[in-house]
Structures are given as C-alpha cells and as structure tokens.
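Two complexes come next, and they have one chain in common, chain A, joined by chain B in the first and chain C in the second.
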Partner chain A sequence: MRRSGRPSLRRRQDMDTSDSGGVTPLGRKTAETGINFTSTTRFSRGLTFIRTHTLFGQSPARRIIPQTCLLQENADPQKIAFLLRKQWTLYSVTPMYKFSYGNLKEYSRLLSAFVAAEKRKGLAVEVGNDLGIKVTLSTLLGLKGTDQDQVAILVQIASRSQLPCENAEDKVVWSGWFCCISGDDLLESVPDDFTCLSLFLANGAESYTAIVGSWFQKTFDCYFSHLTISPLNLAWMAAMWTGCKVDSHMAATELVFSVPCIPQSLDISYAIHPEDAKALWDTVQKTPGEVTQEEVNLFMDCLYSHFHRHFKIHLSATRLVKVSTSIASAHCDGNIKVLN
Partner chain B sequence: MHQRGTAKNPKQAFQVRRSSLSAWQIEERTAGRKTVDLKRAQKHEKRKQQSASVQPGNSTQDHLEQALTYFERVKDYIPLKKNEVLQKHLTTVESIALQRGLSPEGLDVLLNVALSGHLADTVNTRILKCLIPASVIAENSVVSAVSRLCVGKCSGSTQLLFLRWLIAMFDFIDHKEKLHALYGFFFCSLQDEKLCPYVCHLLYLLTRRESVSIGFSLLFLFFQGMQPHLQALLSLYKLFCPELVSITLPAKTKTYFKNSESLWKAAINTIRRRNQGTSPTSQQLILGTGHPQSRKRKWNTQLILPACSADTNNPTRSKEINHADILSHSESFPVEQLHTFSQLLQNIHCLEFPSQMGSVLRNSLLLHYINCVKDESIYLRLYYWMGQTLQEECTWYKLDNQQYEEEFKDFLDIVYKTECFLQEGFSSCEEFLYKSLPLWDGFCCRSQILRLVSWIPLSSFSEMKPHLCEPLAQLFFTSSLYFKCSVLESLKELLQNWLNWHVIQLDMESDPKISPLNTTLSGLVNSVAELIHFVGWIATVALRLENNATFLLYFILDFYETVCDVYLKYNLPLLVMPPPGVFYPALLSMDAVSLNQLCYIMYRYRTNLVAAKENELIKKTILQFKFSSQTYQEYNQYIMAMVGCLWTSSAFQKDIHPQGIRLDPEVLKKTKVQEVRNSFNIVHHPALMGYAILFLQQVRVHLTGLQGLKLFIESSINRVSQVSQTKSGNAQV
Partner chain C sequence: MSLVKPFDKLPTLNAATILLVGTDESQQQQLAEAILKEKKTFKINIHVATSLPLPAERDHIRPRIDLIAFMINMQSKHSLRNVEASLSHMDANFFLGKVCFLITGVGRMNHCSVEMNAVRKLGNLYCSPVLFCELDSEGIRVATAQRLLRMLQICAGHMPGVSALFFSSLMKSSIDE
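Moving on to the complex of A and B:
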C-alpha cells in the first residue's frame, strides 16, 4: 500500500479530534516499572512526555466524536466563513518559542516589511511604511477543541490596489492560519515559553507560504514541514465524515484510488450516493459518538467488496489518495477543503 | 577604550576587516595625543630640541623637519612647476614616510596642507599617498581635515582620495568619539554621487547602535538603490533596528565596498608588522555569514543547519533584553561577534542565544555555553528542530535520494560530533533511529547511522529491543561481514557510553543516602546485561554464518574486553560471560590473535571476580548486588576447559560445559587422529603453530607479544604455586 515509503502521520499531526486510547505500550511500561533512565540524562530531561507520544506513529484505536459544537460562541462568523470552501495545504509546525499573543500588531509590521523585502530582494524597506503589501496577524476565536488549546492565529497578506481610489479595498492574496490540534497531549507539559500551534494551513501562492514560513522559523525557532495524510487516516476521514448529518446540499461521497501502473498511474474514482454511504455506516457503527478502527476497517471492506462484485477489482490492493464528502475533502498530498 | 569599541562594534557582525591594534596602541596613544595637542610654538621648540639632539648621521630626520616646517608655512597657492624647493621637500617626505611612517604631528601638518587647496592636485595626491602613520593618527587631525573639506577648497579627486585614505587608516585613528559626532556630516555627503560608495563604507565603519536613528534610516531610504555599498549599510541599519528597516540581500554579491586600501596596503602591512611583530593575515571583506545559499528548495531556503544569527526580529525577546539592560547596565552580546573562547568567558553573563537554536551545532563556543547553562528551553528547541530536520531530510524516505544523501550525511556527521562533544545523546536522534531503522536498507549513510546508534541514551532495554535490536539484527544477519563488524563496533561504543555515563552519575551522586539510585542501578544493571546478552546472541549466530572468520572474532572479543572489566573499571556490579558460541570458536581458533585476546579476557574476568569476592568478604554486610554463583560456575567451567585444552592436554576428557568439546573416547578413536589429547595444548595448538616453529628456530623461552597468554598462565595455571605461597589466597575461583 505505502509505495512511496513516506513516514506515516505522527500522532500530534493527526487532524482528528481527541483520542482516548492514546497510551502507547512504551508509556505504560515506563510508568509501571518506575525505572526512568531518560529523566536523568540532560538532553532527555523533561522530554519524556514527548517520547511517549510521538515515538510511534500509530493511529489510536478509537476516537470520540465530540457531541458539542466545536465552534464556540465567541467565534467570528465572517472569519469562519472565510476559512470554508478553500483549498488548504497542510503543514505541521513545532512549538513556537517566545510567541506572544500580545504582540500580534508588532509581528504584523515586521512580517509586512519582511515580505516586502523578500519580494524586492536587495532593496531595503522601511518597516511600517506603505509597501503595497500588508500583512495582518489576528486571532481566530472559537476554533478550539478543548479549553487548554491555544487560540488559533490567522495570517493574511493583502495587496493594495494600485489605483488611488478611495474605497478600494485591499485584496487578500494569500492567507494561512495556525491552529492547535485538540487532544494534543503535548500541550500539558510544554513549558510556558512555547506556544503549540502545531497545524498550519495555507492558501495562496507557495512563494508567500515560504516567506511567511521562514519568517516564523527564524523568529520563533520553529520548524515547518509539509504534512501528508496516510491512506489509513483518509479512511478514518471517509468514515467519520460519512457519519455526519448534513442538512443542506448533499454531494456524492467520492473516494479516489491510485493504481501503480507503468507508464502512467491509473486513478479509480469510486462515487457513492451520500445516503447509501450513510446507511452503510449506520449499520457498521455500534456506539453513536464513538468510532473504532475495526468499524473503519469494516466500512471500507464493505465498500471494497461491493466494488469487487461489480468490477472484479480489489481496491484493497490500491492506494487511497483522496476522500471527498459533503463535509470536506482531503487529499493524501496534504490538501484539505472544508465545505460545511 | 579601543577594546570596548571593537568588541561592541557592529562591523564584526559582518566580518569587516578590523585589526586589533590595542596591544601597542595603549602605549603609543598617550604620547601621540599629547604631542598633537601641543601648540604650534611648542612644537617648533620641540622640533628644534629634537634636531639639536640629533645624533650624528641622522640627517634624514633633519630633512624631514625642514620639509614639515616648509609645508606648515604654506599660506598661499604654490605651483609645482619649477619649484625645486617644493619638489625637494616632497621627495624627502615621501621617502621617509614609506620607510618609517610619519609621526602624528607630521601627519597633522601634511593633512592640513593637502586639503588646504594651496597646492596643485598632483602634489595633494602625492602627499595623501604617503600619509602613512608610524604609530597612530590623532583624531584631532582627522577632524580638522574634515572641516577643511567643508570649506570646499580642495578638488573632488582630492576629497575622494582623502576618504579612501580615511577608510584605509580607520584603525589607526586613536579615538573616534569626535568622528562619531561628525556622523551627520558624512551622512549628508551621501548625496555626492562620486563620493557615495566611500562615504557608505566610512559610515559602515562608523555606525554604532546609537547612531542608527529613525531619521537616518528614513533619510537613507531615499538614497537606496541596488548598489552593493548602500545595501551593506542598510543591512547594518537593519541589524540594529529591525523594527525600522527590512532588507534581504541578494545571495550572489560577495564584495560590498570598493577596495580603498590598495594604495596604502603594502605600507600598512609594513607598519603592522613593525608594530605587532607578527604579520596579521589580511582579512577579506566579506559580508554576511559566509554560507553560500545554493539551495534546491523553494521552501526552507537555508541549508539544513540554520545560520547563526542574533535574535533581532522578535520584539518579545528584544524587549526582555532592554529590560535586562536597565537592570544590569550591560548590553547583551550578540552571537555573531563571538569568535574566541576568551570572548565567551568575558561575556558569558550576557550572551544571547541565536534565534534558531539549531545553529549551535556548528558553533563549538556555543556548545560550551550550552554545557553550563541550565535552561530547559534550549533542549526543547533543539529537540523540536532536530527531530523534524532528521525526519524531513532523511534520505530513505525520499525517492530521488541521490541528490540529498551527501548533505544528509554531513548533517548526521555534525550531529554525531556534537554528541561526542557534549558526551551525550540527543533524544530526538534516538527517536529518529527507532522510527527509521525498520525502514533502513543498511546501506544508505551506513557509518553515520551506526555511529549515532552508539549515542542512544541509556534507557530500559525492553523499550529498545523492538525498535533497535530487532531491525538491527535483521540487517546484521543478512549483511556482509564488514557490516557485522561495524554493528559490533558501534554496540561496543554504546556499551562504553552507557558505562561512562554510569560512572559520571556515580560521581555526581556520591551520597549513598539518595535512595532512587538503587532502583536506577538495578534497572541499569538489567539494561546493560541485556545489551550484552543481545550482542552475545548475534555474535554466536554471526560466527556460524561467517565460518568463524577471524576478523569478526576480533570485533566480538573486542566487545568482551569491555564486558569483562565492567566491575573494576566502571564500578558496575555485573559480569556476563561470553556464550559458548563465542568462547569455543576463540579457544579453538586457528589464529594466535584471537586466542591471545581470549586469554586476556579470561584473565580480566578472573581479576574482576576475585575483586568481587574480596569485597564481599571484607564488607560482611549484605551487598545488594552480588554475582550469582552461576557466574562463578560458568567461569569455572570455561577455565577448566581452557586449562584442560591448553595445559593439561585433556580438553576432550575434562570439559564439563554442556556445550563444550567433551568427546567420547570411542568417538575420538574413530577419528584416527594420532595424539588427540595433545592437539590443542599450548605446544600443539594450531593457533600457536607459528610461534612453536619460531621457538624451535630461535630457542627462546619467552613468548614475545603474547601478553594475554602470559598473564593467563601466570594467573590461572601457576596458581597452585601461588596458593601455597599466600595461604590467605582466596576464593575457589
């Protein structure tokens, strides 16, 4: 299945909501025996908590779907609407050092100048001046899974229109946002100097993403890496999104599989009527509000056998590369689009 | 004064040529300044006195005095043509200046006349070209020269030459406070197109943190263009005031200023040599941190290791620094300026960490610093960065890995060197190994990966086993002899690192009352024991696979040389005997080196066991850690087999080890080998055959070079005689 040999998603890069069965065998072992050598070596001091969580990229066996609305009341509907219906490229970000929510304005000024300087290589720019480019950092309230989660941050690059028209509005040319993945056990033990906004989503020209990313890397000593989604996680998404109720427009549930062929790879698109998919999922899911790995496997196996009956093709031997439902769509390359 | 100036000077950030003249300047400065401040009349007197006291033969000095007096008296325009007096004096000044340099007051006189406009341009040029200081240049002379520029009497080319001279001689000016006061004047001269590059260079040398005001930086933006000299100055402004200016320098530019020094270069070098005794290497003018930014990535444009630069962007952190300034009246010391160990010692209280912690890997001074700072955030920053970098750069996750492999190798080498330097493994590295070893082909970056294995921090072995041992064992069994030996070597180093770590821990926690030590110690003993057992297991299998190759056996026995001394050398109550699959191939080896190594190992085992027994007897108290009787038993079985084999010629009869070489007499008979009993004793052992022949040839009694065998014979075979001598001789080892 995993032809490219890419590393599977690490736990803290998982995009889904909280996990309950998250203790790895390692964590348990250490706790039981009470022997913990690593705590005595300096470079590992205080890092034990991370070991237990990131060492192995296993997906949790079970996830709870929160019954409460993820969006809290203080959310700005305009901003949230802005996030919808856009193709976002995913990046994972290590905790940021000395990031302060109080300095967003100052960061905006500096980042504006940095972007302008990068764009006009070799020419210095004055910080805070009108550069034709304006970067704004703002908070995205209400996007929290749990209370401990850090507040999400929205970064927008707007370019001023050239015409000196009075009500000419700035045109957003690039946007990106950082958010905290709820259920991130990292949070509890990370010192105060660090801010965990481990997921970064970008929409717009990659050159801007690179500029903004390198500024964050330089300023807050963090590391951006492109995030891919493994077929296993895509299957999870397919199952969980199928199970969601959608009131308005219903789009078909579509799964795209890639067949490694020479000279050109072959893509198989498998579209299912959303109601049929939902009906199948309802028969598979045992406890409402909870999804297990077995259920996900069973759901996919049912779809595979149905497909095999008609086309005599074993989809289980191919690679799931894309999932799209009425709720959202996700591609294994790390692109995601939330529709509803 | 000067020292402080150099240390805090921004120029170092860009590695601009600066010489350290402090050593000799301190002496010269006082004298120099005094003389310059003297009034003219006094100077005349002094000169007269000097000339009066001139020693015979020192007439050049006289000529110089005359010339200087002549130039000093110039009040009106004097043409050069047909003016023999001027010609003569000019030649005198030139020849002496190039030979010995000029005194501060001489320079003062000549500077004044050159910029006065009284002389022809060619004369001015000749004068400026020979303005070479013997020691220092008085600041006052420079200031008055600059004031003459303002009068505007001298031509453009003379002004230009003066600026070049000023840049070249910058380091020889004794003070710079008044020059700094002229910053605004120089700044205004930027408008002059011809002077601009040199003014930029001068400003670059003059700029200090406090000179960068809002006004200057804003004004300066008017002048800017793509010219490198302007970019260089701007980038300096940015360094001091990131909140005012932002600039990205194009990567390809290397030189930012025109060379002003060329005219005086030889002369300056002569002066320096004379003044310092040694010839300082002329440093090149390089801007930036010096890493070429050729990079394939669109994203993450820097090399794997970020460049070491101070934290200037983050207002949160700069604010903190300011706050600290108020409290301690000291500025933080930027990392770019840290070049020597003494600088580190002087500034260790106010050292700033780089904005990207990963850059410390290249900077051994900062690694020293890290070693003495107890700040958890340092390790966390390193941990996050390194973990991600290893994951992202790891070659065997990439399809087109050819391109990146060399780079990744370099990175792993740096990580390994850092671990050696700090004598400690990184946990991000450990995690990387655990995650990546199962996917490793055992070929890519082999030596780097195996070396990193040796720095895996000591942890419980049950945790290590599935992630390290299993993938490693799989590769081990299926790979070449050379790979096997490399793995054994790195496991030996791993063991040694663990043991060293334990010894250091013991030193630090010498207080026996600390109770957690006990649990840790038992855990430690278990882990070390399991590692040794693991190596014993793979060694046994490998010996079979490789037909007891001597090369392999050497690495295995090398490992056991560490194992047999764990108790005495590392103070760890643990002794693990080699498995029979290692012991017997070594004993019956065809090679003297292996046999000798085995004998040495058995000798060390004995020393350790005897010491342990003695300790038990002396202390009488119940020791928490005691070697089990099984260890002694195993040792005794081996030693009996060994003595039987090498000495008493009864190897096939007396070996009582269950996996030993005991054979039925019936079977032995069937082999039809004559004198089976003797075939492995010290005289007939195949490994020692060469020595036996040598012995016969040379009839020499002592066994050259076989120290291990000698020790073994002394300790285990001649024991009977020893026991009779010292009755107290212990232990039925």
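Moving on to the complex of A and C:
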C-alpha cells in the first residue's frame, strides 16, 4: 500500500506541462469527405519508464486535438476506407527488432508458409493439396501523426477461391494492421535497430490472430498483449468524439454502464441525441482544439446528474463499459469500430 | 446538522473513537471488524457513516471523535463526490492530523473511474495522509487496521511526546523536496 502511494506524489512537477508523454492522440481526417475524427489510445512507455510522466494510469491534464488534416497526400483512399466499419481488437506491441520495410515480400512468403503449416497441424496431410492461404504484407501510406512516425503496415490473409473461374477474387479472411501515431516521446527513446509500431488492430478469426502474433513474436522478438481501455479513457473518448463535426448522418451517442450487483451484473444503456450531446460539449469546452481533464469531468458529470434527476440512479457509482458515437465506438475489452 | 468538532468534548479515559465515512457499507463493516480483532491496550469505539454531517439528535451521547478515515473507492466516482461533499461539514481543526483518506480499488487499473491526480490533489489540499489499500484482500485489510490503530492511538493522545501534527511531515515524499 505504501509503495503504491509514493509514485503518485512524484508527478507534481509535471502537472502543468501540456500533452505529457505517453499519450498519443490519434487523429485522422479524410481529405475528400472532410470528416474529422480522433481517437486516443494510451501506450505504456517501454524503456524510460519509471520517473517520468504516466504512472499507474494517470491520464494527462490536457490533450490537443489536431485541427489540420493528418492524413497525408499519398494516402490511398480505398485502403483507408477498407479500415472503416470493421470491429478491430486492440493489442499493444513492443518495438520490433530488425524489421525492415524492404523485405515485405519475403515476410509475406514466410508468413504464408507458417500459417499454412499451423493450419495443417492436426489434419491428415494430403499431398499436393494447397489450403489456399495467401498472406500479403503491405504498407499503409498516409497514416502518420507526425513525420517521425513509422509507416503503418497492413497484413492480410486471403483464401484463394476454390472455383476454377478466372476472375474470382481472393476473399480476405483476416486482416490486421500495425501503426504508430504521434508517438514522439516513445520514438525518442527507441534504439536504432528497433521499429516502433505500437498499436496492432486485428479483425477476423481469433486463431489467425494467434498464429500471426506468434510468428511476429518469434521473428522480431516483440510481445503482443491485449489492450484494455479503462473507464477514464473511455470518458475521454466520449468527450473528444462528441466534439467532432460530422457532416453525414449522426447516430445517437450511447454510453453503456455496468453495475456490479449480485448475482448478475446489470447493464445500463444511456442514449443521447447527438445534437444535444454536441451542444452540451460546446458549452463545456473553452479552447477549441484542446481538451482538458476538467472539461471531460464536467461533461460526464452533467450527463450523470441529468440521469440521476430522472431515474435516481447514481451513474457515477457504475463503471463505463462502452462508448459509441457517430464517429466511432469503443468497448473496454479493447474492441473499437471506426465509422467515419 | 452540526459541524463535527475535534475538541468540544472531554476525552474518555483509556478510550478512543474512530469514524469511518464512505459509501460502501460492507467494506466499512469488514474494516471495522479487522480493527476490533487487533490486540490493543485501550477501548475502541468505531462509528460508521455514509456521509457527513452526522445527525444532530444523537450528538450528546456521541463521544469525542479522534480520527476520521474517509474511504474512497477508485472504481466509483460517486464515492469521491460523496467524500468531497462531506469534507465541507467538518471543523477546520480536524485537518491537523486527525483525518486520513483510505483509497481502495487501485489494483484493478482497468476498472478505475477516478483519476489519481484527483485523489492526490485531495490529499494535498487537506494536508492529510492518503493511504492506498486494497480492502478486498485479507492481508492488506489486517495491515491497514494495524496502521489505523496506531494512528488512532496517537490522535487520541495516548502516546506521550508524539502528536497528530507529525503525520503531515512524515507522509511527505523525499522526491518532492
């Protein structure tokens, strides 16, 4: 108990620095549709961990929302659009050793062989029968927060169609992508042989995720771990996403809370009309382009007190489990879905 | 509705009173039982409340309160708000070492709804020690009970030469200097 009390006192000097390290606001804007969305994910700092900013889940005092378009000009709109409207499971990845962008074809080949071998384990081997799995690794250009960020990598597993017709396309069975957005503080401390692509998002069968993950872990000496999102970060996401302008159809902002009761836990879903939520956020936010912890708290407290007035339930005693807005939705188990 | 005052009543001989304030009643019960199980040389009264102010009707039979421990659960923002509201119903003389904050629930980081900064600021603002304890675990509960008992002994004046005013200086981290 004593030990955990100490580190929180050390942060006193860092309180007033804006956008303290360990926080990476991930911001993207598609140039064509003019929609701006941001999402936040906390990375744990690998090498220079102890005496600096985030310890024991302390969230920073303020975060900057980039107003300018972060999606760079060489982005492929089709590929980016492919990332939307899918449920992604989040993993946190340690820096990869001796990963080189020039060898992507080689990696594709090795990974295909590995996946095929793993899939074949336990099955009777038929000579000459190809399970028809093809793995491609490609770069996702344009998903960068700052120029120092490493280029994102997309991994796709496609099954070759069994039909003999010529223009049958490969069906993508599983996809995953690595990226690192605005990880400036993290990149400073990484030695040269390491590539830092800290966030991994996977969509598809869990078995493929495990196979791909184990290949990357063996080849590049990194480690994948599930990224869960705490209620504090979910509240930040709710506030930041509500504040974004969405031109197309706005879906209701929905917050799901989990009440710890015995014998079964109860889930409370609180849906707010998006215009009302935006109006509330506009009155709370003082500086455009910057969000502080107090503003997030105030926003959530207003929502809680409104609920309490109607239903006499203290939502602040429950745990925020899922946030979904017209821009994106996030669940505390580490699943996100980006809609716009 | 009355302010809780530290020095308006006479102390009872060889006895001390602790008040536990918090929203989670079962946790308070468990901690109280752990305190009572400890070996002690003086009589202890444990009072339990969900919030201050204490009802005025029983004020005349209530003994002098020597230590108030506010229990905050990091997984529930409601408990923090409750404690903040209760703090305004206390006499300022209490904050000379007779108040401490017990923070529970930090072990499950992914379930925390309260920021660490908020809790640290509370401790700094009210110049009171902040003790982190996981009251769900048996061993830590026993250790916390022992700590509270020791603090209570000092606050009630049973230790010659040591006063409750020393707590704030002992709780400072050397990094802050």
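Observations on the model:
Criterion: the second predicted complex is superposed on the first by the 273 of 340 C-alpha atoms of A that agree within 3 Å, B and C clash if a C-alpha of one lies under 4 Å from a C-alpha of the other, contacts with A are read in each partner's own complex, and residues count from 1 in each chain.
Note that in this section a contact is a pair of C-beta atoms (placed from the backbone, for glycine too) under 8 Å apart; a residue touches a chain by one contact, two chains touch by 3 or more.
Only a predicted model underlies this, so the values are computations on that prediction, with no experimental measurement involved.
When the two complexes are overlaid on their common chain A, residue A:207 makes contact with chain B while staying clear of chain C. Using the contact criterion defined above for the overlaid structures, shared-chain residue A:230 touches chain C, although it does not reach chain B. After superposition on the shared chain, chain A has more residues touched by B, the comparison being chain B against chain C.
Once chain A of one complex is fitted onto chain A of the other, the partner contacts of A:311 are absent, as it touches neither chain B nor chain C.
When the two complexes are overlaid on their common chain A, residue A:101 makes contact with neither chain B nor chain C.
With both structures placed on the common chain, the touch criterion links A:113 to chain B but leaves chain C unconnected.
Looking at chain A, you'll find residues 4-6, 55-57 touch chain B in one structure and chain C in the other. Of all residues in chain B, those touching chain A in their complex are 217-218, 221, 224-226, 231, 234-235, 237-238, 242-250, 298-302, 306, 313-317, 355-357, 376-377, 379-385, 387-389, 391-392, 396-397, 399, 422, 424-427, 430-431, 434-435, 439, 457-460, 462-463, 467, 501, 505, 519-520, 522-524, 527. Residues 1-2, 4-6, 8-12, 15, 55-59, 61, 228-232, 235, 293, 304, 314, 316-320, 332 of chain A are the ones that touch chain C when the two sit in their complex. Of all residues in chain C, only 23, 75-79, 81, 106, 109-117, 119-120, 130-134, 140, 143-144, 173, 175-176 touch chain A in the complex they form. Remark: chain A residues 4-7, 26, 29-30, 33-35, 37-38, 40-47, 50-51, 54-57, 92, 94-95, 97-100, 103, 106-107, 109-110, 113-114, 116-118, 121-128, 190-191, 193-194, 206-207, 209-210, 213-215, 217-226 touch chain B in the complex.
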